[in-house]
Amino acid sequence: MNGTNLLDIRDLRVSPRGMTETAILRGVTFSVAPGETLAVVGESGCGKSMASLAVMGLLPPGLERRSGDILFRGEPLPVDDNTAMRKVRGRRIGMVFQEPMAALNPVYTIGHQVAEVILEHEDISAAEARLRVVELLREVGLPSPDRIIDEYPHRLSGGQRQRVVIAMALACKPDLLIADEPTTALDVTVQAQIMRLLKRAQNELGIAIILITHNLGLVAQMADRVVVMYAGHKVEEASVQTLFASPQHPYTQGLLRATPRPGRRRAGGKPLEEIPGMVPAITDPPSGCRFRPRCPRATRECETVHPAVRQVGDTIVACHHPGRLEAVQ
Amino acid sequence: MPRLVAISRTIFSNWTLALGVLLLLAIILMALSAPYVFPGDPYDMVAPALTWPGTMPEVPLGTDSLGRDIAAGIFHGARVSLMVGFIAVCFALVIGILVGSLAGYYGGWVDDVLMRVTELFQTIPQFMLAIVIIAVLGTSIEAVVMSLGIVSWPTVARLVRSEFLILRERAFVHSCLVIGMSDLRIIFTQILPNALSSITVMSSVLMATAILMESALSFLGFGDPNVITWGTMIGMGRGQIRDAWYIIAIPGAALLITALALNLVGEGLNDALNPRLRKREV
Amino acid sequence: MSYLGKRLVHVVLTVLGIAIINFFLLQLAPGDAADVLAGEAGTADPEYLANLRREFGLDQPMLHQLWAFLQRLFMFDFGYSYRHNMPVSTLIFERIPATLILVGSSIAMALVFGILLGVVAARTAGRLPDKLISLASLLFYATPPFWIGLMMIVVFSVKLGWTPTGGMSDIISNKTGLAYVLDVMRHLALPAITQAVFYLAIYTRLVRAGMLEVLSLEYIRVARAKGISENRIAYHHALRNAIFPLITVAGTNLGAFLGGAVLTETVFSWPGVGRLMFDAMFQRDLNLLLSILVLSSIFVVLVNLAVDLLYALINPTVELR
């Protein structure tokens, strides 16, 4: 698979520094093909952001990568070497974050901040960079780019700021864009616009996207493949069609049942159901399967043996009793 | 005594606080024991003038140019420093809490007026104002305490006000209003106790500042001439700076240790009482 | 009303408030203002006193007196110092350059080192350099600055003989031009360092706290994700935002320069306003003391205004309205 994949994450483990027992990521494996959109879903606190920051080599100071390779175009990424990673960040991999209101430095103009990434990675003059920035701002759909380029961030709305952040992430035409909940903080209408922008950028530039979200509605619109994460584990991975048509893991099924989807479960008149319970604290994980305390299907085996990842049909799943919920009941 | 155990556990799990408390206790002990360890007047001549420290067992820290025992001065000076600092801070707390709590609780024009006055006092350079107040009131220990209190209260007022602005929006205050509790009772029995941890932290740092300012005033010769203080000792030692620098060095070190102890206590308390602030440092 | 207009009204009101506080301080002093003003002249000639009283309207009701006081103040008429035999305003203004050199150079030094140390401490938060810097700034914060000055005299003047013990220049050797400047700088070294240590402890802590706060913000993470170097992130992205509180505090220190160096000037016999104040205190020249206090407070107000305007210039999120 290596030869064709853009990004391979193999058995990634991340722990708080100096704590060998607890872990935030407990062996996560997935890959991204060039040009595809991979959605990573899961409740808040499951480790989605930390997985993407590990790829960027930007784990917070309290956390460290215990093991696991991260390959980019088949080559290991030097995630522990900050100087080497700087050539990857912003150039090969762009990143968009959750909080557009806080994502821009308040004391520098939009133009300065977008040009900064171009000047960092490419050998061009400031004047050329400025022309590129105006063009970029136009492409991400900002009104009157030649005026907005000299504005300070506080004059822009949240949606406009997120467009600027996207412009920065795309400025050097990266191969991969990691978007960590890019629309969670935005209005629904703005959300749709931003998603359309990402889709268009992907079509034009041919970039791959890792879309981190807990909005399964977005996943259905945007993604080719889906990875479901729970408490630091990948619990299910499948193509978007397969996942929505026949989710295998009880957690995935729970997430789907908690999501309003026009025309599907609603028609059957079933109300939305929240998954009972909460994501376990990383310091105090349950034995066996991490999902066991919340799982309607848990058995004795689930209590003692942690389920290994395996292939079931077109799906990769980590569960002792995968399959349709109805079938088991 | 589970409470005491809990307190001492906090103290010893936090080395800043532990060191600060230990140093402070030592200085308090010095102050309390001064009349017994050195019963005479510290201004009396007890040994040959300019005896270097460590050369005469009777006067371990040596003597100054008039043969006065420096160790006695340090012990008696500790009394004055701590007392002046403590009373000045109490004085500042009374005014500051009154002004700050009224401003923060009532808001509106009360807040406007009180804060304008507070700002006004903060505009006037602190140390100069202290000097001028002493010039007006005369050089007595009461005047020194008064002047230090007057220059310190605005800091208290601003802190108390900002705490009150936050606390008065809390649910428990609303429920007190609903049951018809009087404003004064709410201020003093409900909100103030919640602001106490911040006030305590600030008080210890404020006391350090007051003690340093007192020493500066006495060093300049604006203190009470009848009371021996560390600042006075440094001021009187200036003439011998060429050949007997220890006369200056020893009381200065005592001042440094006292101010350090109070700052450590302040910082340690801050860490112990406001863990959310500490997280940021990691 | 425009922002500037509002600020100017505020300035006028503040100055008025300061004047009133001073007026009442004067009232608090034993005897009336005429006694105070004439007392230090050495002569208590009753006729002269009566003249003074009439001149200052002291036989008038309190409000009248306050009005007269304010009028003189706004004319910069601080009266006459019999001790020094010249008008108080001349006396003070003559001393301003010396104090300004001392305080200005020490604030500049403290800014440079405070920023450097604060940034290093924040970038190594929790590790050895941070611990050393934080310990040092705590020590400096707890040390009486005049004592640091005296100890430096012991080491650098008495033991090593590198620097003079006081004054602003060698009186005997009447130097001119560059030689004079160098001579002043040699005299300035110790007092400026003494005064700087006082500011340095505060500035370092302020910068460290500000940097820690800013470095945890989202836009710093975004900058890292752009591939920007850690140095550029610290100095270009974080420091630019962390420096605003420092500007306010340094501005206040600069505004308070007249009274800011009383101790340092006394320790090093530096011929500035602080030293003048010390002398005035000993000569019981209350009028001179109060004049220095008023003038000094007015400087604080004016410099604060200037700093606020500067702040708005360099901080785009602040808009003057």
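A, B and C are the chain letters, set down in written order, and residue numbers restart from 1 in every chain.
The working rule: contacts are C-beta pairs under 8 Å (C-beta built on N, C-alpha and C of every residue); 3 or more make two chains touch, one makes a residue touch a chain.
What you are looking at is a predicted structure, and each value in this text was computed from that prediction instead of being measured.
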If a chain touches subunit A and subunit B alike, it appears here: C
From subunit C, the most remote chain by mean C-alpha position: A
Between A-C and B-C, the pair with more C-beta contacts: B-C
Inter-centroid spacing, subunit C versus subunit A (mean Cα positions, whole Å): 54
Distance between chain centroids, defined by C-alpha means - subunit B, subunit C (Å): 23
Residue numbers of subunit C (touch at least two other chains): none
Per-residue overlap in subunit B, given as positions that touch at least 2 other chains: 282
Contact footprint of subunit A on subunit C as seen in their complex: 217-219, 221-230, 237, 240-241, 314-317
Subunit A - residues contacting subunit C, complex: 56, 58, 82, 85-91, 94-95, 97, 99, 102-108, 116-117, 120-121, 152, 154, 165, 168-169
Complex contact set, residues of subunit C against subunit B: 13-14, 17-18, 21, 25-26, 28-30, 125-126, 138-139, 141-144, 146-147, 150-151, 153-154, 158, 165, 212-213, 216, 256, 258-260, 262-263, 266, 277-278, 281-282, 284, 286, 289-290, 292-293, 296-297, 300-301, 304
Residue ranges of subunit B touching subunit C (in the complex, touch as defined): 116-117, 119-121, 123-125, 127-129, 131-133, 135-138, 208, 212, 215-216, 219-222, 231, 234, 238, 241-242, 245, 248-249, 252, 255-256, 259-260, 262-264, 267, 280-282
